[in-house]
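Common to both upcoming complexes is chain A, partnered first by chain B, then by chain C.
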Partner chain A sequence: MKALVPFLAVVFLVLLVIAGVKAAGLYFLFGVAVPYAAAAIFLLGFVYKVVKWGRTPVPFHIPTTCGQQKSLPWIKPNSIENPSGTGGVIMRMLLEVFLFRSLFKNRKTKIKGDYIAYSWAPWLWLSGMAFHWSFLLIVIRHLRFFFQSVPVPVQALEHLDSILNWGVPALYITDVIFLAAVTYLFLRRVTLAHLKAITLPADYFPLFLLFGIGASGALMRYHLRVDVVGVKELVMGLVSLHPAAVAGIGTIFYIHLFLISTLFAYFPWSKLVHAGGVFLSPTRNLSNNSRVVRHVNPWNYPVKVHTYAEYEDDFREKMKMAGLPVEKE
Partner chain B sequence: MYNGGKIIAGLVIFLGIVTFPIYYNAGKANPGPSPSLDTPAINQMKVKHCVESRQFMRANHMKLLRGWMSMVLSGKGCSYVSTTGEKYDMSWDTCWKCHSSKKQFCDRCHQYMAVDLPCWKCHSEPNT
Partner chain C sequence: MAKEKEPKPEELFQSIDYKAPKKFWMDTPAQIRPGMFCWGAKAKSLNTVGFPNARDWNPSEENWKLPDNWQEILIEGLRERLDKYRSLRLFMDICVRCGACADKCHFYIGTGDPKNMPVLRAELMRSVYRKYFTTGGKVLGKLAGARELDLQVLKEWWYYFFQCTECRRCSVFCPYGIDQAEITMAGRELLNLIGLNIEWIMGPAANCYMKGNHLGLEPHTIVNNVEFMLDDIETLTGIRINPSFNRKGAEILFVTPSGDLFADPGTYTCMGYLMLFHELGLDYTWSTYASEGGNFGFFTSNELAKRLNSKIYAEAKRLGVKWILGGECGHMWRVLNQYMDTWNGPADFLEVPKSPITGTVFENAKATKMTHIIEFTADLIKHGKLKLDPSRNDHLNVTFHDSCNTARGMGVFEEPRYVINNICRNFFEMPRETIREQTFCCGSGSGLNAGEDMELRLRGGLARANAVKYVHDKHGVNMLANICAIDRAALTTSMNYWVPGVTVAGVHELLANALVMTGEKPRETDLRGEPLPASEEDVSVSARAVTQAEGETAGGEANV
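== the complex of A and B ==
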C-alpha cells in the first residue's frame, strides 16, 4: 500500500501527459510552461531551503567522530575522521560528497552462536555510488541539448559512454547502470523486512519517478525514437529565453520532460534536497575543536542570576545573628 | 543567518553552475541545422519524398540504415519495399542519388547534435 500510492502517482503523471499532449495537443503547456515553472520552483525552493537551514541555530557542537581526536603531541590524531580544523572538515566533506564514505563504513551485525559477528555490507554504498555517478554523467551528457556547439568535454563523455558501440543508436553504459541501480534500490526496500517497515511513500515516490525518467529516456533513445533535432530546438528556445513549441516530437519525449519537471519541482521539498543538506549538517561541517574554541549557543540570552555575594549582602545581619559564617564582615 | 558568508557563497556558486546554460544562451539566436535539400535529383522530383515519410526518417533513419546493413550482410536480400510500396536498393547509392553532399546534408544535423556515428569508418562519402 505504501508503494502502491506513489506508483499510481507516477502512472497518473504519465497518463496526464498522454491526455494533455496526444489527445488535447497542449504542446506549449508541456513543452514550455511546465519546464519553466519547474525550474523556477527548483531554484527558489532550493534557495529557500538553504536560507532556512542557515537561519537555524546550532545549539550544540555536535560533529560525529570515529577516530583519535587531536590531543597530546605524541598521540597521532586522525584528522579526517576527527577533524580538528577547517582543512580536515573540507577533506571529510569532499570524501563524503564524492565517495559516500560514511555509507562505505556500513557493517552488517549478526549474532553467531554466542558472539556478535560483523561483516562487510557494501551493497547500499555500491548501488548509491552507481546511481549518483551515472545520474551525474547522464545529466552532463544531456548538456548537448543546451549549447549550440556542443562543448568538447560533453562530446568526449558521450563517446566514452557509448564506447561499447552496441546497436544503433549506440547503447550508453550509464543508462544500464542507472536503471539497474534504481531497480536495486527499490528491491532492497521491498525485500528486506526491516527496511520495508521503515520505508515511507516519500521513499518510494522518488524511486518510481527516477525509474520513470530513466525508462522513458531509454525507450525514447533505443526504441520509439523522436526527432532529436526538434528536441534540441525546443531546449535551445527554452534556455535562450525565446521559447517556442516545436511540432513533430513524439509523446514519449513529453513524458520524459514532464517526469523530469516533476523531479525538479519536487526536489526542494523532499528528501532529495540532501544534495544541499549534506553541506549544512552540523554533524559533518563542524570541526571537533570544542576543547579549544568555546561554542556559544546562539539561543543563549542574558540569564538573570543571584550570586552568593548578593545573597550574603541581602541576609548578612540575619546570618550573623543565627551564628552562620559570612565571607564579608 | 549563521555563517551567512559561507552559506551564501556556496549558494551563489551552485546557482551560477545550474543556471549557466541560461545566461550563456539568453537572447542569442540559435538557428537550427537546416540540412540542404537543394540537389538536382530532389529538385527534379514532382512529389518530394524520401524512402519513408519525413517524420519517420528524421527519427528513425539510423535504424533503417542499420536494418539495411544487417539484411545485406546476412544475405537476406538487398531490396527494400517502403510502406508506400516503392522498391529501393539497400545501398548508400540510394541515399547519395538525392542527398549528393554529405557535408550539406548528413553533417549539418550530426554536428548540431554532436553525434558520434560509425558509418564513415567503413563507408566512403560521395565524391561531390
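== the complex of A and C ==
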C-alpha cells in the first residue's frame, strides 16, 4: 500500500505526458513551460532550504568525534575522524560526500548463540555509491545537449562509459549500474523487514521516479529511437533562453523530460535535499576545538543561578561546624 | 516493584525478537510497560528549579493531568527550537531512512522494539514536524508520513525519548551525521514544558541546583564522606592525607561527579584521586558549592544545564584558582568540552592549565581552562613522575569501556589506554565494533539509572555486557575499567546480572593500587580490601609471566 500510491503517481505522470503530448499536442507545455517551471522551483526551493538552514544558528559545538582527540603532543590525533582544524574538517566532509565514509562503517548486528555478533555489511554503501556516482556521470554525459560543440571531457566520459562496445548504439555502463542500483535500493526496502517497517511512501516515490527516468532514457537510446537533433535543438533553446517547441521528437522523450522535471520540482521539498543538507550537518562539519576556541551561541541569554552567597546562607552553620571557611561570619 | 518480575538473564536474552511488526508503526501505540520507564517528576523537584506545569503524576495511570493547551505549548515549543537549533531543523528534513542506524542502538539490540531504531525514534518527532511545519505534511497527511500530535503520540514521545541515552552511536553510522541525541534532547525539553520529566533526573537536578550536587550532599556530609575515605587510605597505606575544601588561593580547583563521593565503586576512584594528589603534593582544593561535575540539567533542558554548570566557573573565580581539573565522568565531559565555555565563558580570569609537576601546558584546554584528569595523569606517567608497581594489579584481567560521551563527544581513547597499560599488566580489548567511537552505552546513561526501569537498563546494557562476556569467556577478564561515574554504578549492576565475576572500577582506582607512595607501608590489599596477588615473590613472578604471555597472544587476537 505504501508503495502502491507512489507507483500509481508515477504511472499517472507518464499517462499525463502521453495524453498531453501524443493526444493533445501540448509540445510547448511539456517541452518548455514545465521544464522552466521545474528548474525555477528547484533553484528557488533549494536556495530557500539552504538559506533557511543556514540562518538557523548552531548554538553549540557538537561534532561527533570518531577518533582520538588532539590532546598531548605525544598522542597521535586522528585529524580526519576527529578534526582539530579546518583542514581536517574539509577532509572529513570530502570523504563523507564523495565516498560515504560513515556508511562504509556499517555493520550488521546479529545474535549468534550466546553472543551478539557484528558482521561486515557493505551492500547499502555499495548500492548508494553505485547509484550516486552513476547518476552524476549520467548527468555529466547529458551536458552534450547543453553545448553547441560537445566539451572534450564529456566526450571522453562518453567514450569511457561505452568502452564495452556492446550493441548499437553502444551500451553505457552507467545506465546499467544506475538501473541496477535503483532496483536494489527498491528491493531492499520491500524485502528487508525492518527497512520495510520504516519506509514511507516518500521513500518509494523518488525510487519509482528515478527508475522511470532511467528506463525512459534507456528506452530512448537503445530501443525507441528519437530525433536527437530535435532534442538538442529543444534543449539549446531552453538553455539559451530562446525556447521553442519542437514537434516530432517522440513521446518517450517527453516522458523522460517530464519525469526529470518532476524530480527537480520535488527535490527541495523532500528527503532528497540531503544533498545540500549534508554539508551543513553540525556533527560533521565542525572541528573538535571547543576547548581551544570559544564557540559563541548567538542566542545565549542570562539565566537564573543559585549563587555561592545563597548557598552559604543556606548552610553557613553546618559549614562552620565542619570547619569549612565561610565568606560571612 | 520491578524486582519481583525480573527475568533470568537467559530468559531475557532469549526474549529478544528482531522480527519486524506486521502493522505500520503509526498504528501501534506505545504500551507503557512496567520495568521500562521511570517515575514521573515530582512537583517539588520541578518547583525547585522553577519549571512550569509542576504536579505529581503517574506515567502508568491514564490521566497525566496535562495542561489544557498542551498541544499548543508543544507545537510552539517545537517551532522555537527549530529556529534555534540548526541540528534539529536539518535532522527533521534530511533523513532518507536508509536504515544504517537501525541496529546500532543498544536499546534496539536489547529490546528488538522497532521504535528503538534511532530512525523510528526520530520519526516519532519528524511525523509531527511534517504535520505542522511542512506543506506536504499538512496537505497529504499520513501519505506524507505526517500525523497529528495527539495524546497517544505524546505518550509515545515520553516513553521513547526516555529510552534513549543520548549516546550518539547512531550518529557515527549516519551518512549525514544525524544525531538522535539532538532529537531526544529537543524532545525532552518539549516534554519539560508540560511538566513531563522523570524524577530520577529532576530530583538530582533540583538537588544540584540547591546543594551543589546531584546526591544532595550538604557541605558537612561531603567533608565527612571524604574523611571516611581518608581513614581507609590510612589503614591501607599508613599515610594520613589532609585535603582542603573551599580553600581560596589554591592553584587548582578539582571537580568530579558527586557519585564518586557517595558509594562504591565510585568512592574507590575518589580515593585514587586523593592518593594521587597527595603523592604529587598538588596545591588543589575541593569545593562543596561546585561539588558536581556531572549535569543532570543536560537531560532536561539547555537552560537548566547552563544554570547548573555555571557553578564551576563561578567557584573557580571566587576561590581565585588558576585552572580547573576534572575527574572521571562521561556526560560531564561532553558538557565541559562542547557546552561549558559557550554557556558560561569566557573564562578569562583563569590561566591555561599547566601541570605543576611536569610543566606541560595543556594547549588543548586553552579556552575552557579545564583539563581531564586522564590527560593530566597520562602526562605524569609519560614524564616518569609516578612510581608505579603494576604487579599490584596482577590479580586483575582488565578491559576498558569507552564511555559514550568521552568517546563520541570528545575523543578520549589513547590517554586511558596509556594509563592502564602502565598500571596493569593484563589488558584485553573488547571487539573493535564495541569500543572507541563504536562503544556501547552502559544502558543507563542520560539519567535513566533508576531502579524502577531495571528491565530497560538491563536490556540497554546488554550490548556492552555481551562484549565484556566475550573477553571474560575468552581471556578471563574480571575487571571492567572506565572513566565515568554513571558507568561505575550502572555497569556494576549490569555485570552482576549479565557477566557475574566481573567487577567495575574507575581507572584512578587501579592507578592508586599501583601507585607507590612515599613513606607508605607495604600494601597487603588493594583499595577494596582484596588481598594482593600471592605475596611469596617467586610464586607471583612465575604466575605473572604466564598471564602476561597469554595476555599478549590473546590481546592480539582481540584486535584482529
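Here is the rule we use: the second predicted complex is superposed on the first by the 301 of 329 C-alpha atoms of A that agree within 3 Å, B and C clash if a C-alpha of one lies under 4 Å from a C-alpha of the other, contacts with A are read in each partner's own complex, and residues count from 1 in each chain.
Assume a residue touches a chain if its C-beta (ideal position, glycine included) is under 8 Å from a C-beta of that chain, and two chains touch if they have at least 3 such contacts.
Everything numeric in this text was worked out from a predicted model, so none of it was measured.
Contacts of A:V292 after superposition: chain C is touched, whereas chain B is not reached.
Look at A:P57: by the touch rule set out above, it reaches both chain B and chain C. Once chain A of one complex is fitted onto chain A of the other, the partner contacts of A:W133 are absent, as it touches neither chain B nor chain C. When the two structures are aligned on the shared chain, A:F7 is found in touch with neither chain B nor chain C.
In the superposed model, A:V229 lies in contact with chain B only, and not with chain C. In the superposition on chain A, no contact is made by A:Y184 with either chain B or chain C. Residue contacts after overlaying the shared chain place A:N78 against chain C, while chain B stays out of touching range. In the superposition on chain A, A:D314 makes contact with chain C only, while chain B stays out of contact range. Of the two partners chain B and chain C, it is C that touches the larger number of chain A residues. Where the contact sets of chain A with chain B and with chain C meet, they give residues 54, 56-58, 280.
Chain contact summary for the complex, chain A toward chain C: residues 2, 5, 49, 52-54, 56-62, 64-72, 74-78, 81-82, 96, 100, 102-103, 105-109, 111, 114-116, 118, 124, 128, 192-203, 269-271, 273-274, 277-278, 280-284, 288, 290-297, 299-300, 303-308, 311-312, 314-315, 318-319, 321-325. On chain C, the positions that touch chain A within their shared complex are 13, 16, 18-21, 24-25, 50, 82-87, 89-90, 93-100, 102-104, 109, 114, 117, 119-120, 123, 134-136, 143-145, 168, 171-179, 182, 209-212, 218-220, 223-224, 245-248, 288-289, 302-303, 306-307, 310-311, 314-315, 318, 336-339, 341-343, 345-346, 360, 362-368, 370, 375, 378-379, 382, 407-415, 418, 431, 433-434, 436-438, 462-463, 466-467, 469-470. Interface of chain B with chain A (complex): residues 1-4, 7-8, 10-11, 14-15, 18-19, 21-22, 24-30, 32-33, 55, 58-60, 62-63, 65-66, 109, 112-114, 116, 118.
Contact residues of chain A toward chain B in the complex are 43, 46-47, 50-51, 54-58, 143-144, 146-148, 150, 154-155, 158-159, 162, 165, 167-170, 225-230, 232-233, 236-237, 239-242, 248, 250, 276, 279-280, 298.
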